[in-house]
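Listed below are the structures to be examined.
After this come two complexes, each holding subunit A, first together with subunit B and then together with subunit C.
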Partner chain A sequence: MAQEKRWYTGMVSSEDWWAFWIGLFFVLVGILAGATGVDLSGWVIDFPKWTNISNSLAPDRTGLMSGISSLLVSYVIFTIATCIGAKAMKMDMKKYFWSWTIIFFLSVICYVLSRNAYIQATSIERAKYGIDWSLSIGGAHYIVALFVGLIIGNLAPKKFREFLLHGARPEWFIKIAIVFLGCKLGMKVVDATGFALELLLVGVCATIAAYMLFWPLVYTFARRTFNFSREWAATMASGISICGVSAAIATGGAIRARPIVPVMVSSVIVVFAVIELVVLPPVLTYTPWFQEPMAAGASLGLTVKTDGADAASGAITDQLMRTRALEELGVQWEEGWITASSVMTKIWIDMFIGVWALVLAMLWLYYVEKKPDEKVQKMEIWWRFPKFVLGYFIAWILVGVLGLTVIGGEAMDWGIHPFESVARHLFFVLTFTSIGLVTDFRKLAEEGMGRLAMVYGLSLLIIIIPIGWALAWIFHHGMMPPLVSG
Partner chain B sequence: MQTVNMDFIHDGKRWIARTENLEVAAASLEELDGRLREAIKARCEPESGSRVKVNMEFDYSTIPHWMIQYHPYYIYRSMEFDY
Partner chain C sequence: MEQKEEISQEVEAQEAEPWEAWEGKLVKYSLLIGLAALAVLGGLVNVFILS
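Entry: the complex of A and B
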C-alpha cells in the first residue's frame, strides 16, 4: 500500500540509485588498490586486438591470471554486483540471472570477434600484428553488438525476446559506465585541471541555451503545425528537446498527463535514438566536424535523446575519429574525451530535468489547469534528479583530489584504470547489445504512432540537430582531445 | 492534520485512486479530486474546520516495464482538503 514519499525513497529500490551504488563501489575498490598497492582491480577482463584468437582475452594487469580466468572472474563479480541490485529492485531473480548471463556472453562474443586485427587495426598498427591490410574500423565491437541485439530484438521468437528483456537494461549499464567515466575526468584533473573544468563549464552553457531554444520551438511546432493538444505537445517537446524517455515521463507526470501519452512518445524516442546512434557518428567523422572533435561529441549530447544512445554514439564517434586522426594526421588523441564531451553535455541536461518538471508542474497546476487543492512538491527536483550523476561527480572529485594529494597520480591510475577504462568499455558493449534488444521497430507501425513519428523526425531534422550542432560548435570549438603522451 | 496515503492509476479511461478500504474513480483528475473529497468526508468524518492531507503515488508498476529504467517515478500528488 502507498507510503508517503520521502527524500530517501528509492535509495535501495531504483535502478538509478543502483547505478550509483555499483559504480561507486568499484571506484572505491580501485582507489583502495591505488592507495594500498594491493592488486584489487587488475582482474577486470580486457579485449585486446588479436590475430591469434588465443590472445583475444587478457586481464587488465598482464600476467595476473589467464584471459579465460579473468573473463570468468569478471563475469562472477559483475554478476554478483548486478544480482544484488536486481534483488533489491525486486526483479524476477531467476529470469534476470539467466538473461543477464546470455547478454553478457553474447556481448563478449561480439567484443572478441570484432577486435580481430583485420577489422580494427589502424594502418600504423598493422606491422605490430604482422598483417598487410585491415579495415581500420575503430569501435566495430560496439556496432556489431548493437546489430546483433537489434536482430535478436526484432527477429527472434517472441518468447525469447521477452525473456531477454529481463536482463537488457541499457540505462542501468550505461549509468554504471558513466560513473566509471567520472574517474577519467578525475585523472584529467590530476594532469590538467583547466581542461576538465572548461569541459564542465561549456557543457553547462550549451545545455542552458538548448533548454531555452529547443522546448518552446518544438512545443509551438507540435501545437501550431500538427494541432497537438497541450498534453501531447508538452510531453513530446520535453522528450525530443531535453532528455528523451526520462523527460517524457517527468513532463507527463508534471502536467498530469494520462500515462498513455509518455508511453507512446517514449516508444518513438527509443527508435529514433537508435537511428541517430547509427547515422550520426559516421556523419560527424567524415565531414568537417572531424576538425572539431570535442564539439562533435558535445553535439551528440544535445541531439541524441537517451543516456544509453548518447554515450554509445559518443563512444563510436570517439573510436572512429581517433582512428581517422591516427591514419590521416598521424596524431594519437587520448581515448574517451569525445565520449566524455557527449556525456558531459547530456548529464547537465539530465540534471535540469527535475527543475524543469517543477516549473512545468507549477505552471500547469497554478495557471493552466488551476487546481487550488493540489500543492507542487519542491522535493520533485530531488526525486527526479538522476542519482547516477552524483556517482559520476563523486568519482571525479575523489579520484581528482586523492590523486593530487595522498595517493598520487601514478598510483591512482594503477588502481583505477581497470574500472575507468576496461570495465567501462565492457559496460558500453553490454549497453549496445541491450539497446538493440529493447528497440522494437514494429512499435512505429502501431496505431497513432505515424503522426508522432512524423513530428519527432521533422523536429529532429529542422530544430534539434541544426540548433544542437550550432550550440555545440559555439561553445566547444577549438577544444581538442589531449594527445597520448610518450 | 490527518493524512491519507493512496495509490492511483489510469486504466485507459478513468483515473482510479485507492487505499485498502477506499476506491474512487473518475474520467478526469478534477472530477476524481471532487469525488475523493466527498468520499473522505463520508468515510473519515473530519471535523468542521479541519484539513486532510491526501498523498497519491502513481502505481508505477502499471507503466510498461521497459520504461521504468529511464525514470524513477511518474506522478506524486499532494492534496489538501479543507472541511
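Entry: the complex of A and C
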C-alpha cells in the first residue's frame, strides 16, 4: 500500500491539501490586491457590532457594495472554492452543497445576532453605540455558533443531523482559517518581527518537551493502570498527546492497528475537545492566567487536542482576555496574539506527527510484528506531515517578506486584511458550528466507551493539563501581546 | 444494540499483552529526552528570550 504512494499523493484528494490550496489561493489574491492596488479582496463580508440590525452586515471595504451584496458575493465565492475541493475529494456534491449552504447561513445568523452591541460592546465602546449597558462578551459569536451546532447535532431529527454532516467539516474549515492566520503572523512580522520570531522559537521548544513527556506517561498509564493492549494504548497516547484525531489516525496507520481503534479514540477526542473548548477559555481568563496571556494561549495549544477546538478556544480566550484587559486595566492588546500563541504550539505538535509515526512504525516492525528485514520509508514523514501547516508558513513568509520589501506594510495590510481578519473569523464561526454538529455526546454513553473515556479524562486531568500548563508558563512567562498603537 | 455490543467487545475483551522490555526503554528514553529538552531549552529560552 505505502509503496504505491508518491510525494505528491493526496495533492488533489486530501482535506489537508485542499485547506492548503484554498487558503493560499485567497492569500495570493490578497497579496495581488496589495501589490496592484486593485480591490480584489474588499468584497469579503464583515459582521460589525450593531444596535440597528440594518448595520449588521458590511463588506470589509466600506462603501464597496451593500452588506447583503457582500454576504451573497462571499457566499458564492467561498461556496465555489469549497465545492471544487469537495468535488476533488469525491464528496457527494449535491449533499455537500446543500449542507454547506445551511451551515453557512446558520453560522451567519449566529454571527449577526451575537454581534449585537448589548452583547459584545465593551464599556469603552458603549458611548459609540449610544447604549448605557452591555454584557461585554467578546467572542459571543463563537460560543453561540457552537451551542446552536451542539443543539442541532444532538437533538435534531437523525436524518437531518446526518444530512448536515456532509458539509460540517470543522477540521477543513479551521485549516483554511489557519492558513489565513499565517498572513496575520506575516503582518505581525512587518509590525513586530522580533516578537513573532520569539513566539515561534518558544513554541517549538515547549512542544518538544511537552510531547516527549506526554506520550510515554499516557502510554504507561493506559497500559499498566488500565491494562489496555499496545494498539489501544499507543493510539490513545498519540491522540491525547499530539493533535488528536489526525495523530490517532496516523499512529493507527503506522502500527497497523485495526481501523476501529483510531475511529473510537477519535470520537472520544472530539467530545473531550468540545468540553475543553467550553471550559478552558473562561477558566484561563478569570484566574491568575490572565496575568500571562501569551502563556495562557500556549497552554491551550498543549492541552486542547484537535486543531479546530484549539484555534477556536484560542480565539475565545483572545477575545475574553482582551475585553477584560480593556475593562479592568485600560490597556488594548492587539487582537490575534493569544490565538497565535495557541495555534503556534499546536502547529509544531502537528508537525511532529510524521516523525513520531515513523518511530512507532519502526518499533512495531522490529518488536511487535518481528519483521526486522522490512524497511519503513522515510517518505512516511512527508506523507504524515500536515500540509495546511505548509500553507500557514508560506502565507506567513510571503506576507512578511513582501510586506517588508516590495509591497510595503500599508499596501499589504490593505490587500490582505479581508482574508487575514474578516474571512478568518468567518471560517472560525463555520468551524464552531461544525464542531457542534459533529459532536455526538451519545458516544460517551455507549458501552465500552466508558473505559476509553475514563483513561482519556484522567490523562487530561492528571497528566496533560498540569504538565501542559507548567510548560506553557515555563516557556512563555512574561510575554505580553503588543499594545494597539495610536 | 448490536453496535454497542461490538464496541463493548472491542474495548473490554482486548487481551493486553505483557509489558515488554522495549516498551520500558521507549518510555524511559522518551522521558529522558523530554526532561533534557525541558532543562536545556527551558534554560536557553529563559536566558535569551524571556529574561
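Methods note: the second predicted complex is superposed on the first by the 480 of 486 C-alpha atoms of A that agree within 3 Å, B and C clash if a C-alpha of one lies under 4 Å from a C-alpha of the other, contacts with A are read in each partner's own complex, and residues count from 1 in each chain.
FYI, contacts are C-beta pairs under 8 Å (C-beta built on N, C-alpha and C of every residue); 3 or more make two chains touch, one makes a residue touch a chain.
Please read all numbers here as calculations on a predicted model, not as lab measurements.
Of the two partner chains placed around the shared chain by superposition, subunit B is the only one that A:Trp172 touches, whereas subunit C remains out of contact. Within the superposed three-chain model, A:Lys371 lies in touch with subunit B and out of touch with subunit C [touch as defined at top].
Of the two partner chains placed by superposition, A:Leu185 touches none, neither subunit B nor subunit C. Contact with neither subunit B nor subunit C is seen for A:Leu430 once the two complexes are overlaid on the shared chain. Once chain A of one complex is fitted onto chain A of the other, the partner contacts of A:Ile249 are limited to subunit B, with no touch recorded for subunit C. By the touch criterion defined above, A:Ile260 reaches both subunit B and subunit C.
Subunit A residues in contact with subunit B (one complex) as well as with subunit C (other complex) are 260. Interface residues of subunit C facing subunit A in the complex, by the touch rule stated above, are 3-5, 7-12, 14-17, 19-20, 22-23, 26-28, 30-31, 33-35, 37-38, 41-42, 44-46, 49-50. Residue ranges of subunit B in contact with subunit A, taken from their complex: 3, 5-7, 10, 12, 19-20, 29-30, 33, 37, 55-58, 62-81. If you check the complex, the residues on subunit A that touch subunit B are 1-5, 10, 14-16, 165, 169-172, 244-246, 249-250, 252-253, 256, 258-260, 262-263, 266, 306, 369, 371, 373-375, 377, 380, 383-384, 438.
Per the touch definition, subunit A reaches subunit C in the complex via residues 198, 201-202, 205, 208-213, 215-217, 219-220, 223-224, 227-230, 232, 260, 264, 363, 367, 446-449, 451-452, 471, 474-479.
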